[in-house]
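One structure below.
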Amino acid sequence: MTQKLWGGAFKEKVSPVVEDFTASIAFDRRLAGYDIEGSIAHVMMLARCRIISLREKNLIIKGLKEIAGEIKSGKFRFKAADEDIHLSVEKRLHRKIGEPAGKLHTARSRNDQVALDLRLFLRDEIGNILKLTKNMQKCIVDLAEQNIKVVMPGFTHLQHAQPVLFSHHILTYYYMLQRDVERLKDCMKRVDCLPLGAGAFAGTTLPIDRMFLAKQLGFSNVCEHSIDAVSDRDFAAEFLFCGALLMMHLSRLSEELIMWASPEFGFIEIGDSVLTGSSMMPQKKNPDVPELIRGKCGRAYGNLVNTLTMMKGLPLSYNRDMQEDKESLFDTVDTLKKALGVYPVFLRAVRLNADRLNSLAGEGFTVATDLAEHLVAKGVSFREAHERVGKLVRFCMENRKSFEDLGKEDFRSFGFGQEVVKLVSAAGSVKRKKSLGGTSPGEVRRMLRKARKTLYA
Amino acid sequence: MTQKLWGGAFKEKVSPVVEDFTASIAFDRRLAGYDIEGSIAHVMMLARCRIISLREKNLIIKGLKEIAGEIKSGKFRFKAADEDIHLSVEKRLHRKIGEPAGKLHTARSRNDQVALDLRLFLRDEIGNILKLTKNMQKCIVDLAEQNIKVVMPGFTHLQHAQPVLFSHHILTYYYMLQRDVERLKDCMKRVDCLPLGAGAFAGTTLPIDRMFLAKQLGFSNVCEHSIDAVSDRDFAAEFLFCGALLMMHLSRLSEELIMWASPEFGFIEIGDSVLTGSSMMPQKKNPDVPELIRGKCGRAYGNLVNTLTMMKGLPLSYNRDMQEDKESLFDTVDTLKKALGVYPVFLRAVRLNADRLNSLAGEGFTVATDLAEHLVAKGVSFREAHERVGKLVRFCMENRKSFEDLGKEDFRSFGFGQEVVKLVSAAGSVKRKKSLGGTSPGEVRRMLRKARKTLYA
Amino acid sequence: MTQKLWGGAFKEKVSPVVEDFTASIAFDRRLAGYDIEGSIAHVMMLARCRIISLREKNLIIKGLKEIAGEIKSGKFRFKAADEDIHLSVEKRLHRKIGEPAGKLHTARSRNDQVALDLRLFLRDEIGNILKLTKNMQKCIVDLAEQNIKVVMPGFTHLQHAQPVLFSHHILTYYYMLQRDVERLKDCMKRVDCLPLGAGAFAGTTLPIDRMFLAKQLGFSNVCEHSIDAVSDRDFAAEFLFCGALLMMHLSRLSEELIMWASPEFGFIEIGDSVLTGSSMMPQKKNPDVPELIRGKCGRAYGNLVNTLTMMKGLPLSYNRDMQEDKESLFDTVDTLKKALGVYPVFLRAVRLNADRLNSLAGEGFTVATDLAEHLVAKGVSFREAHERVGKLVRFCMENRKSFEDLGKEDFRSFGFGQEVVKLVSAAGSVKRKKSLGGTSPGEVRRMLRKARKTLYA
Amino acid sequence: MTQKLWGGAFKEKVSPVVEDFTASIAFDRRLAGYDIEGSIAHVMMLARCRIISLREKNLIIKGLKEIAGEIKSGKFRFKAADEDIHLSVEKRLHRKIGEPAGKLHTARSRNDQVALDLRLFLRDEIGNILKLTKNMQKCIVDLAEQNIKVVMPGFTHLQHAQPVLFSHHILTYYYMLQRDVERLKDCMKRVDCLPLGAGAFAGTTLPIDRMFLAKQLGFSNVCEHSIDAVSDRDFAAEFLFCGALLMMHLSRLSEELIMWASPEFGFIEIGDSVLTGSSMMPQKKNPDVPELIRGKCGRAYGNLVNTLTMMKGLPLSYNRDMQEDKESLFDTVDTLKKALGVYPVFLRAVRLNADRLNSLAGEGFTVATDLAEHLVAKGVSFREAHERVGKLVRFCMENRKSFEDLGKEDFRSFGFGQEVVKLVSAAGSVKRKKSLGGTSPGEVRRMLRKARKTLYA
């Protein structure tokens, strides 16, 4: 056995600079557990297909399990000359059990092996991320339920637009995340495919059994076409996109929380335990958590661009460029897990300034649309109603009055009946928005019940 | 009626510079047909819910249909002062039928209206793109079937690796595109939701019927939560990602075709009718089509980054930034339709140089793995077999021989039996790769039958 | 003359689908003026080098000038079958002046010609963008000068941090844009190079004079190496990056203006003439201009990614992928010109709520750092001073007091001398920040003078 | 002293989850050396300005130097609770020298401190990258000089276009990298500015001397405006762009080398010492180095997108999002250094197959343009000449002949004189391309001399 496991045809030793540059062991060691899991299933299949003996199978599996233990306990020594996790394990196995180790890589290439490792890894991590996302959704639903009576100004263009229930507003994020959940599940369908058994890319002349492998490793599907199996990284790109969109959603929530926590908005108070201070300014208490999450959105976008760029224009089948698929994947996985892990802690430290929200809800003529719709109900065309209310607003602005300052007389002079006086409260406005999915307490409660049912199903 | 349909509260006229800058009519006019379709459904609903009268409904629908005709025939005059497609149509309607036009926008905002238009547009275009993708897949399957006997060198790292059937190789692209089809269908689930009825974002006080709207417009689902309905552009981002990945796949095929058409590869001949010439070099015939498609991959990536960036950190609910969602969407739709439209024409003009492919298939010791697996079948460990074949290859290289130049004696001196001589043909190698999804004629034919069944289902 | 100007070696006509797909005339017609300018210089050179006759030169130039006129006046008919602007012009010239037209393309390829057109275009447009950027900077300086006495709360983490002059704050954007100016000028050095004379990429056997061409077309440098001259698009990518960064700067300003215009901040009032309304909500007045500009940041990023992706992994020399360089370049140019064109109009409609800013400047214990630095000046270590002021702040928070509510007694109990009472005004704090570039009126006025000098140099 | 250096105003301890999430020490420890260098300059300034005593200065500097030693030798223990490199060092200093440590952070914030660290780091690393780039350029120039006599087919659209000197072709990459050098130097102008002394963002009330700091730390300029100084990350984005473009250039070279090394091209042989093998296919020798570098282009693009996204829409002044600036910067620095470090090793193992290149140079009618230009020199219009040569090519193609197979008779029948026979050699064609920057040996040698002069200046 030469030092390199593939050195037979080589006349010269690989330059150490090249060895260092091409080695992936510094990061793919993270896949060690999956690599060994895959190898164990592989030798079980080889034995079952009588390509290796039962004795060999048992020896190899025993050795692999010991190595798994060594890695877990930190005893395993990784080095660049061993190139990657696959060869590191095989070499160690050889030192452990000798010759039979040479049978492990039968009917297998690193091309299908690494695709397997990545898919096993991602299958697990998508599961973890789904759990964390649901946990975050629960947190949002709790916040919505705890504050079901708070009315706040709803915004478009960051201007007061119409009063809404705070619960209605915050529930938007539940819906965003619910789409993330669905997208991740759709992505999972394409992750959950077995590539092992494709060999280098052309298949093998040995009588292997890929369906057995799939069953053994719990895959729902097989990456049928052997060239496709080793040259496909769609599943990684798709996951990176799902992650980018999820982080985009969190960046929007973060933006709102940061704004709400500013003294000018003052919509929320945040507990000291999730804030951090300034090294120079003694009074500062900063919402670093949502800021960092907003910033990390860039990271998720960058990782997506990284992988898309890498795959552009690659000829079939495997090219070494594809080694670059791992770090961006790991980074998005970690970013999602960290962000989804810390956010519930942060959200639970948030308290609404309910009085302020309630009192601001009606400011800025937020019931103007109600007045117009009231006219509509009385037969006026909406466009005329809009115009009339617009003029009323202009009158108020020029005279620095709110709707609540107006008397029946004022309303009448703009063509409104006296019943309008009752329409100007924000709380009343909210109650009247009974359309499906609208901000009325009934609709919001219905959506909350539905969300809870989905989450705790 | 003031000139602006929303001018009631304004003291000053909008500056023309601002009017020009904010107008979207130059590009959203493309949505005209969908806008009118949505408006017709909307007034049907308003009448059904007795918010407007039957007479008003009929007048409005008649007017809208006339406007649709004017737009189709190119008679409609769009201008920046009319801001966008929504107000352009409403204003025209007002000039046509007078006062009842003012009832069209009842219980509706441009926020839910534009979300509707975009979804109607995308629903249609995803349908078109799916058809074009399938057409492209059929073309690939045809190419695979027509050349089922051609063996070629399969590549990893752009080095000869193992012989494969050309049909096997090209079928990889069928599988890539099949994932695109599945992803687009998953995306469609999230596009196929009705946002109309969300109003500006809070719902409405008027007794509308969103389920009727959904049924009328053929939507499978309703964007239930009204704030989410107007602030969500996930469906656009997801489509842009699907498009980016599809273009990435086409960029890979393009890279291969461009290389194969080079004199050095000489794998294919391309008919003059799909090539273009040089203004300076009289002999040139260039494969511009795959080059441009490879280049347009950048466009699809750029459009995705555009929309992801635009949505980053946006507070709820609607912000004008979101007007920027359209052009990148249109551009990716057009790019996909053009690329998928021209590619079959190009592919049908491609002819394989079968003799060259067959003769290259065995060059570069591409059956080396078979030799190793042969030893494995005889009980040698794969790692030792790999080493032995490696040394044999080195011997051949140093003596400038191919496997076919070797006699039984040579093989014997490296420990191979005389039966090995029969293993060195590329065609034979291909036949022996019978593992599931491997390159054997049996497996490839099976995959072809399956593909054909899927495509013509 | 065949229909295609390069058809000699072709047996079949180009398929119309391919013709449509590969044609660039729909967008590169925008380069018509530059194309003709380049052609005129080219024939002057050809005549000077005695490659064509004086008579031919004059005929061609006369013809080209007429075509320029036809294009300007909209009479010129562009069609896809003419492929691109270069051949459209040459064909028209042939119909105009016959045979001598065939001499125009001597010693030239579309490869060097299009590189020339793009560089001429970009050279002009960078000039325009520099002017617009300076105009925007002047606007910022004016705003700073008009409000030199207004103190506002400076923010970190969107929390009140220290009082600053509004003029100081807004001047940050002058500095950002000044870096954009410098970067665009550096980029210009690499745009301002003549590629013409590179031919297809290998140069020419004809005795041309590239230095004359450079002089004639006003280029400071020549793209010396002929292969590099046609395969380089760095100048486009670099400009797209400069544009992306400039739009990022504008997105930051936009974010602030949008926030400041919210009722909660209420830092500014914006004139009706630069706001727009809502189709549904009669009271709405929205800051669409900064919102759209913030959104258009995505566009500039997307265009950069587009071109970087397109160039990735392209072999030398010219590849048709590179035709995709134009639309993203045009789009960023247009985006910058529109954004920089409208922003001064918008900014001039902005009025500060000076009273509100002045009164908020001291809220949130923004002078806390001053108190700590005061202790430092008296010999206390900064870390201890920070701690002591921190505790004072906590005392105030728990007792709902501001620093101004505290008496000498309170201060004394936390170890501050009685002189501290004089330190708690925001205006005073600003005056004391005399460090270089700090917020003191002296420093801000000095920076304003310097800015004005740079802008009006 | 509380545990947190900023905890005075806080009632609760920071949650460990938040502490972990917000800590940057895991990656910013890389800046330790720069952080201490900056701190030493800072205390020298504080002493000089009599803000601290000489004794304090000396104590602090001695302590800092010891800490620098501890970090270098790996003895320093970093922990998440210490947040970042700045506070880790300050806390350690406090444990070392007690009270005077509390004076280190006088008139300084982490906001200006981290900007300083990043700029010091990047200033160094740009220097390193410039050296490595020049080294790579030298390698290219060597390769060009060693192979000055080799003629090869020049390509457009990956089709044979015109013969060129190999030296001419490869020198293109020298020119690309030369632009990278210039761009990095331009970028350096904007990196080489001192932000220290800006404080948190508003400056300080203490009598500091920023010019002294700049001089002490070797900065050519001062980031004058204090708010800009802490909120600007342009220098990082600009560097990331320079890195993206440099990697794009390397990806193009890599693409060519990978293609040239394929058996079909066979343009080059690569020494075993820079190739790697396959775990499954015994004969494989793969050019992993250029493949990985081509793949790493995605990484550089992704890092750029990351930072641009992160900065989009950030209000002034410092926001915690900006902590995300570091890892992408580190990663691009490392990627560039690794790629530029390994590439010369790889290139030196490349040998041209000169015979093959020379013989292919004339294949594919690559001298066709010369024939047309020959007609031009005799007075024929280029367009007619192009057409005539085109027809000659078509004749040859249909009769499967090369130009060299044609007799004078054949040429005459297409209207060429007998002298044309002498024009059909590739080597002759190259010699005649004497235009400035063209492929003639004279021009190429001139460019080589110039390059060498620039590199060894």
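Chains here go by letter, A, B, C and D, matching the order in which they are written, and residues are numbered from 1 within each.
Please note the rule applied: contacts are C-beta pairs under 8 Å (C-beta built on N, C-alpha and C of every residue); 3 or more make two chains touch, one makes a residue touch a chain.
Values in this document were obtained by computation on a predicted structure and should not be read as measured data.
Enquirer: Please tell me whether the contact surfaces of chain A and chain B are same or different in residue numbering, using the over-half criterion.
Expert: same
Enquirer: Looking at B-C, B-D or A-C, which one is a repeat of the A-D interface (more than half the contact pairs shared)?
Expert: Matching pair: B-C.
Enquirer: When B-C is set beside C-D, which has more C-beta pairs in contact?
Expert: Greater number of contacting C-beta pairs: C-D.
Enquirer: Can you work out the whole-Å distance between the CA centroids of chain B and chain C?
Expert: 32
Enquirer: Could you grab the centroid distance between chain C and chain D? Build each centroid from C-alpha atoms only and quote it in angstrom.
Expert: A distance of 23 Å separates the two centres.
Enquirer: Counting only residues that touch at least 2 other chains, which ones in chain B make the list?
Expert: Those would be 5-11, 105, 111, 155-158, 161-162, 199-200, 259, 277-286, 288, 291, 294, 297-298, 301, 304-305, 308-309, 311-313, 319-320, 369, 386-387, 389-390, 393.
Enquirer: Please give the residue numbers of chain A that touch chain D in the complex, ascending.
Expert: 4-15, 17-18, 21-22, 83, 86-87, 105, 108-111, 199-200, 271-286, 288-289, 291-292, 294-299, 301-311, 319-324, 327-328, 338, 341-342, 345-346, 349
Enquirer: Taking the touch rule as given, give the residues of chain C at its contact with chain D in the complex, in rising order.
Expert: 1-2, 5-11, 51, 90, 94, 99-107, 111, 154-158, 161-164, 168-169, 171-172, 175-176, 179, 182-183, 186, 189-190, 197-208, 210-211, 222-229, 231-232, 234, 237-238, 241, 244-245, 248, 251-252, 254-256, 259, 294, 297-298, 301, 304-305, 308-309, 311-320, 369-370, 373-374, 376-377, 381-384, 386-391, 393-394, 397, 429, 432-440, 443, 447
Enquirer: Under the touch definition given earlier, write down the residues of chain D that touch chain B in their complex.
Expert: Residues 153, 155-162, 258-259, 261-267, 277-288, 291, 305, 308-309, 312-313, 360, 363-366, 368-369, 371-372, 386-387, 389-390, 392-393 of chain D touch chain B in their complex.
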